[in-house]
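Comments concern the structure below.
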Amino acid sequence: MADLRGVGPGDAGADAVIVTGSRDDRFSRILIITGATLLAVVALAALAAPLLSSWGATEVDPNATLAAPAGAHLLGTDTNGMDVWSRVLHAARLDLGIAVAAVALAVVVGTLLGLVAGYRGGWIDDVLMRVVDIFQAFPTFILALAVAALLGNGTVNLIITIAAVNAPAYARLVRAEVRTQRELPFVDAAVTSGASTTGILWRHLLPNSLTPVRTIAPLNCGWAMLTLAGLSFLGLGVSIPEAEWGAMISLGAPDVVGGRWWTSVPPGLALFVSVLGFSLLGEGLQERANAKRR
Amino acid sequence: ANSGSDSDDSTSGGPTASTLRIAVSSYLSSWDQDFVGFDLTALMMFKNVFPYMIDYGVTTAGDSQILDTQNITPTFAESFEPDAEQKVWTLKLRRGVTFASGNEMTAADVKWSKDRAFAAQANVAGIYRTIGLTEPDQVKVVDDHTVEFHQAFPSALTRQIQAISLYVFDSVEAKKHATADDPWAKEWFAKNAPTGGYYNVARATQGQEIELTANTGYPGPDAPRTPTIRISVVPAASNQRLQLQAGDIDIALGVSQRDIEDLRSTDGVKVISAASNRQVAIQMSVTSAPFDNVDVRKALAYAVPYEQIINNVYGGDARAAKSPVPLDMPGYDESGYPFTHDVDRARAALTAAGRASVESELVFEADNEEQQRIAVQVQSEAAKAGINLKLTPLDPATLGERRTRKNIPLQLTSGQLWVNDVEYMLATSFVEGANLNYSNYTNAEIEQIYEQSHTTVDESARNALWQRVQQILAADVPWVVICQPNFNLPVREAVAGWVQPMDGLARLRYLSRSA
Amino acid sequence: MRILRFVVRRLLQLIPVLLGVVVLTFLIVRVLPGDPVRSILGQNASEADAEAARARFGLDQPLWRQFLDYLGGLVTGDFGTSIQSGGSVGAEMALRIGPTLELVVIAVSIALVVATLLGVWSARRANSVGDHGVRLFALVGNSIPEFWLGLVLVLVGYSMLGWFPAPSGRVDPDTNLTPLTGAGLVDAALTGNGPALASAAAYLALPVLTLVVGVMAPLLRSVRASALEVLNSEAYTAAAAHGLPQRTLLYGYLLRSTLLRLPALAALVFGTAIGSTVLVEYVFSWQGFGQWALRGLLYRDYPVVQASVVVIALCYVLVFLIADVVHAILDPRVRI
Amino acid sequence: MLSIENLSVVIHRAGRQVAALSDVSLTVRPGEVVGLVGESGGGKSMVARAVVGLLPTGAHASGRVRFDDADVLRMDEAALAAHRGRGAAICFQNPRGALSPTRTVGRQLTDRLVTHQDMSAERAREAARELFEAVGIRNPQRRLDAYPHELSGGMAQRVMISLASGCAPGLLIADEPTTGLDVTLTREILRQFRHAADVDGRSVLLISHDLASIAEVCDRVVVLYAGTVVESGPADRVFREPAHPYTRALLRSVPDVGGRPVVATPGAMPLLREAPHQCPFAARCPHADDTCTTSRPLTTPMDTPASGMDTPAADWSLACYHPQTGAITTDEAAPTPTVAPDATESGSAVLEIEDAHVVYRSRFGSGGHHALRGVSLRLGPGETLGVVGESGCGKSTLAKLIMGLVPPSAGTVAVAGQHLVRQPGRRAPRGRVLRRLRTRAQLVFQDPIGSLSPRRTVGDSIAEPLRAAGLPAAQRDARVAAVLDRMELDRSILRRYPHELSGGQAQRIGIARALVGEPDLIVFDEPTSALDVTVQAQILDVIADVTADNDRASVFISHDLATVRGFADRVAVLYLGRVVEEGPVDVVFDTPRHPYTRALLASAPRLGTPPASVAGVELVKDLEETDAATGCALAARCPFATDTCRSEPQDLQSYGASRAACWRVPELPALIGKQADTP
């Protein structure tokens, strides 16, 4: 209905006026497919990393620091003499893993909080939401830095950190959704049918409130990867010599100035491609959801 | 400065030869050295802004000029001499020296400044302790221009220690800002640079930039050569390099090693190189497992790839170290120091310790790229010998705390001793409870030699002691000494007069810049 | 008047949140490993010296005492004394917050304006090549790590093209700008310093661009989606079916309805942008609030960390409040 | 004025195609009101859109839409822009949605005036005020600055009309202008259109699915079925003696206050993918034969005079091989349902409401909305109570109160002797006990699809009450299957999700869910008002069947009296939270006592014969403009209100079999006679 030119001027002779079909669906499908493909490629690379590379992710070639891409090292080596190609591949495991796990954790925690706050209302809602406010008002990076400093740089702690940063958004989202859903007749129907509170929350409100979460989560995964990279750039992410794109970029970025692009451009591209994959997927899903709403 | 090209400096009204532009990596934490302010940028600024009474002279080594650690001469002071017993040192001030406020520098200023340092109980007070100065009463005003320092015991290090501690504040001005709550005007000092040194601070934008102007009233030798120096904070090393290349800065103090390689061949830029006494080492805690076993320590010493580190991390631009005593330090002796990279012997040593493999964490400074690269090389090679290291970068506060707790099994250290003397080295690093003795190392004989050295003034006798020290350390291996990287400083070609500081703190007064 | 009551009520609601932030920060910094005084004392300091330093900063007091003191200070606007510099945290912060806010506010404002223009443009041509192009461009921008983009911009904009000033400082020192607020443009405007104004703007260009690119995508997506929704709404169709002219449709029926959902998102984006400045400031040697706070955290400068978190949280909640007020003004349906 | 010739519209969408209109021809002459009627999805809105050249994306239109000698389908941008609004202006189906939420209604109107009548801004504002007044908006000056959300549905519809007429169009198109409005408002709004035609000389195209309500205002009527015109002709003729079986079916689906029972037509309108080659109604038509299914009947003028008519009507045409004749008679109707035994006095009550009050508290402290004020009701097993009243009078609140979804702020509610929520002086049951108790009373909702959990299968939803009762899975399945059979639904529907259901199916599921636990009481809250006409009739059939069960009581809530008449035993008329009249259904309908009841009955749409006995009462204001007085709540709107009415409330008094709460019951008949004499 978007097009006010639904019926345009036709030539007098023609009986029919044809208007081209909508490309809404097609573009969102292209977005989703492209995004998913990019991610699939990255995931595959992560899985097949040991097969695709002859060097270990943390293996140092003592005779080749900052070696240019050539035979033995497909993408050269970094300042530590580690093989860039192999590290880029292996890093995919950590990056994807942390981002997805962190978002999953954030979704679970945020959803539970939002569900309870939204359904219960009253003082429970007030208290929970103030807590969420506090976490959200906490500057993202400081919160991340604090958790990292508090718990150390381990993978699990990074997951917790990034989840803590993201959970409030989900709590809000789900709460808002639950509050609107709660007023809908199907909830009254469930109550009068004798469903228990947990039953209502679990079987009726949860599945319905997850709709917006589903479209946000992929976008959020991309964002989580960038956060992780940012943390690594500040030296608070994954610690050396573990292969992680952000850390690799940060280690190699100064080399670019000297023309040694291979230390940071490949991990940068890998990160970019993955984030783009998530973004495309998320945008596509959102577009589709919007189209459905229309 | 605003266009990125250096050709139009003169036309754009930018800085001319009278201004020297220096990039540093961070802003100084504070202007108050007594109470706070212990980072390298701060110490460097203090050196050039505070009126120090005495300082090192300059000598040539090879084709570079270096600070002469053997020759400490009065600068703002007229003289600084001991009595026969070497316990009472008399400082004579020059007359007519004024602070920026116009107040004359007098003995009262010296007294107030030292009282303040003792009151602070922080870094200066700590350093004075090594030469037996612990009480304000030990600093006595004789007359308006004479002050006596009464040490508890004589010390061969007095000149050196005073060279890094004997600065004087404008007490008349400072007292105006003192309050009952804040008798030492801490609040004021934190924000306001003391005046009266070689340079005065013309302007300081916190976190960002400091502009220095030469103190024309400086009475001593080696007056400042450049009228204005602009110091800007550029944290990213690659940005410093870019600006140096573009001619927007003259000296880049925070460029990374790999950029230096490139800069050597860049037009308009030269790299000043000099041998340095900065030493890179791994300190092993001899009180915690598994390094409480000397064989394990030896295993690590054999497992470290010395040459590989020199090549990969320093591009070959470092000297191999064969003793915990730095090369160039009087008394250096490498006899009996057996450690070279040898995986077989490392394994053998480990077997001798009855272990097939050991695990440990290797701690280093989080934001220190050089240490991180060394750590990676060490980790990779040590693993081949069965020593599995977990790399643990720590932020400054955590590192500081863990060092106080003395619970770091293995840590990378790098630094240079402010005083180029083995006695000072022992005092700071190898005697029981010494502050840099992160190894928690103790050895009765070394303690005894250290005691003995206080009163041993004869050069050859001292050298004999030092030889013994090195033998003991070679046998006990509390440290794995990795190497001594050379000093490299990329500057614009127009920059002249760099004097290599043995304490790592640039003396800006020697620098000049041709148009 | 209603708006005023609403604002007051919201401000009151902020109190528990800010109090929570204060408590949480206070506890977190103290639970963090690391000793705040060791790094100011020098290598030769003894345990007694450290104790003395702790006493100087009140760190020897029991925790509740420290907290009460801190709270008392906060109420009177005293953020304490920085352990690292020995100076007043409030004064230091005043110098640091200006530039960062200037950066973020300008970046977010530009992003908002551009997102609105592009988003509406895009929606009106929904599914055309131009529309897809704009969206893809925003997505790509959104997928580049900010610090990486910053480095590239420095390399290209400064080093290769020489169009922008060196990534060092915020204004050419030769313009002799008197700092008042710390925000270059504002100071230059206040002091009527023309060259400084130009210089500050030139220094702002690249960091602002970096931030804008980073935050653009979500804003654009939101504007486009709302605009599409409005364009597809019965209300808009009705107006169009009644033959209203394009101008009236655009300004009277499309724009305001489209912007309804933007304030909340803008506030969120503002928060993200404040977070991102830590990285952007590093890359452009901007030396603002982010770097200051980060340094405070690395050295466990308790008062600095506390103050910076509280102030950021305050900014954040205020921005949300502003967003709510703007939303209330834009949307007549909001009951306040 | 408007002449549509062979208009076909096919909509192409990814993966589907809809033939929305096929060969539609119709004309609207100047000053004429033409009704366009038919079921939902019949293509009524599509016709309207075609007239203003606003077809949806992907639409492929052929044929001609002539408007004053120009073809709308072939207009260029400029011509279209000139045509829209000034040529033809639409009043949209959903006025709330069609008003821009962020612009004051005054601005929206002046926008139109400035654009189409070349007025200056001040002049336009003045004119806007006059227009508002003209469509019956009180206090127009103030309303100019109102935002759409501040308006009630009726008010919004008036604004919408003013917007359309503000464009000064030659043709005014009203797309379902009365959907969702009460009976009282509907009449009032429809009159506005008659007025536009009679006074302003506009042509009006009035679209509705509700034949009864527009019957009296139209000159001619066009009946649309599945995108085709099945019958068109003079309104009085077509409604009296519809010739097309579909028109007849449609008319029979409409409940009538007169008591004529509703007859449901089985099946649903087909969704056509392309222009039909057969009679689209054939599948549902009782008269269909092979001809009907092999070729599509052409639209032909009625040449045979209809029964009882002397002359063939001008432009009465239809597309049917088997035209019917004669008025709709009850012969075609199913037998009236059996009347349930009157159980009020005997036995225990299933539902007992004792002086219940419900106050919705506002979120912050004071105030609140007093939605029910002292309602007492008692219902025995097997009995069916109808509850009627205008929108907002508290019907749904009553339903929620019965179901224990809102607690009474005073008074008591008991279902089968049990109290579900905390009530003054009693302990509320909790946990499993409560959950079981809840299943004793079941609710059937107004919004059939919305009351099913969107992400649970239909089977899951139906079984919910059984799960609460703790039945094992096998028994659950058996009970569900049984109730499905009763609802005449296929088992395959169990695995579907709500959005895959039609409204009628969903409401059957809703009733199935209510029935499956064999509750003591079922409450129907406007169960048919969201449904399509013919589907409504089907569902009313089902409900009639369900309420006939003798072991269960029912409450049937509706805003429409006619709907209740068919199967309620007793009826209660609710006004602003109070029961104003109550009694056996026939008594209340045939001899209403309360002026409000009379007003409701009078405005109820009526086909065919006008009401015999009851003279109507016209209420003077809209519901939303009345403020609660201390006395009778209706006082402000009642044309007969006295000072007593305004100051003292009257309780329900018995008048024969029924009870009413009005001071002036005895004098009313006389008063009404007088009112009728002096209009």
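Note that the chains are named A, B, C and D in the order they appear, and that numbering of residues resets to 1 at the start of each chain.
Everything that follows uses one rule, which is that contacts are C-beta pairs under 8 Å (C-beta built on N, C-alpha and C of every residue); 3 or more make two chains touch, one makes a residue touch a chain.
Just so it is clear, the model here is predicted, and its values are computed rather than measured.
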Chain pair, A-B or B-C, that carries the greater number of C-beta contacts: B-C
CA centroid of subunit B to CA centroid of subunit D, Å: 89
Rounded Å distance between subunit A and subunit B, as computed from the means of their C-alpha atoms: 46
Subunit B and subunit C: spacing of chain centres that average the CA atoms, whole Å: 38
Centroid spacing, where centroids are CA-atom means, of subunit A and subunit C in whole angstrom: 22
Multi-chain contact sites of subunit B, meaning residues that touch two or more partners: 236, 238, 242, 366-367, 395, 398
Residues within subunit C bordering two or more other chains: 32-34, 151, 155, 159, 237, 240, 282
For subunit A, residues that touch 2 or more chains besides their own: 1-2, 4, 22, 149, 253, 256-257
Chain pairs that touch, as defined at the top of this document: A-B, A-C, A-D, B-C, C-D
Parts of subunit A lying in touch with subunit C, wherever the complex brings them together: 1-2, 4, 22-24, 27, 130-131, 133-134, 136-142, 145-146, 149-150, 169, 219, 222, 226, 229-230, 233-234, 246, 249-250, 253, 256-257, 264, 268, 271-272, 275-276, 279-280, 283, 286, 290, 293-294
Sites on subunit A touched by subunit B in the complex: 58-60, 62, 65-66, 79-82, 149, 153, 235, 239-241, 253-259
Residue ranges of subunit D in contact with subunit A within the complex: 12-14, 50, 53-63, 72-77, 400, 403-405, 431, 434-439, 441-443, 445-447, 450-456, 460-461, 464-465, 467-469, 510, 513, 517
Residue ranges of subunit A in contact with subunit D within the complex: 1-10, 12, 15-22, 25-26, 184-186, 188-196, 199, 203-204, 207-208
Residues of subunit B that touch subunit C when the two form their complex: 1-5, 13-15, 23, 26-27, 29-30, 32, 35-38, 121-127, 129-130, 186-187, 189-191, 203, 205-209, 211, 230, 232-236, 238-239, 242-243, 245-246, 248-249, 366-367, 395-398, 400-404, 428, 435-436
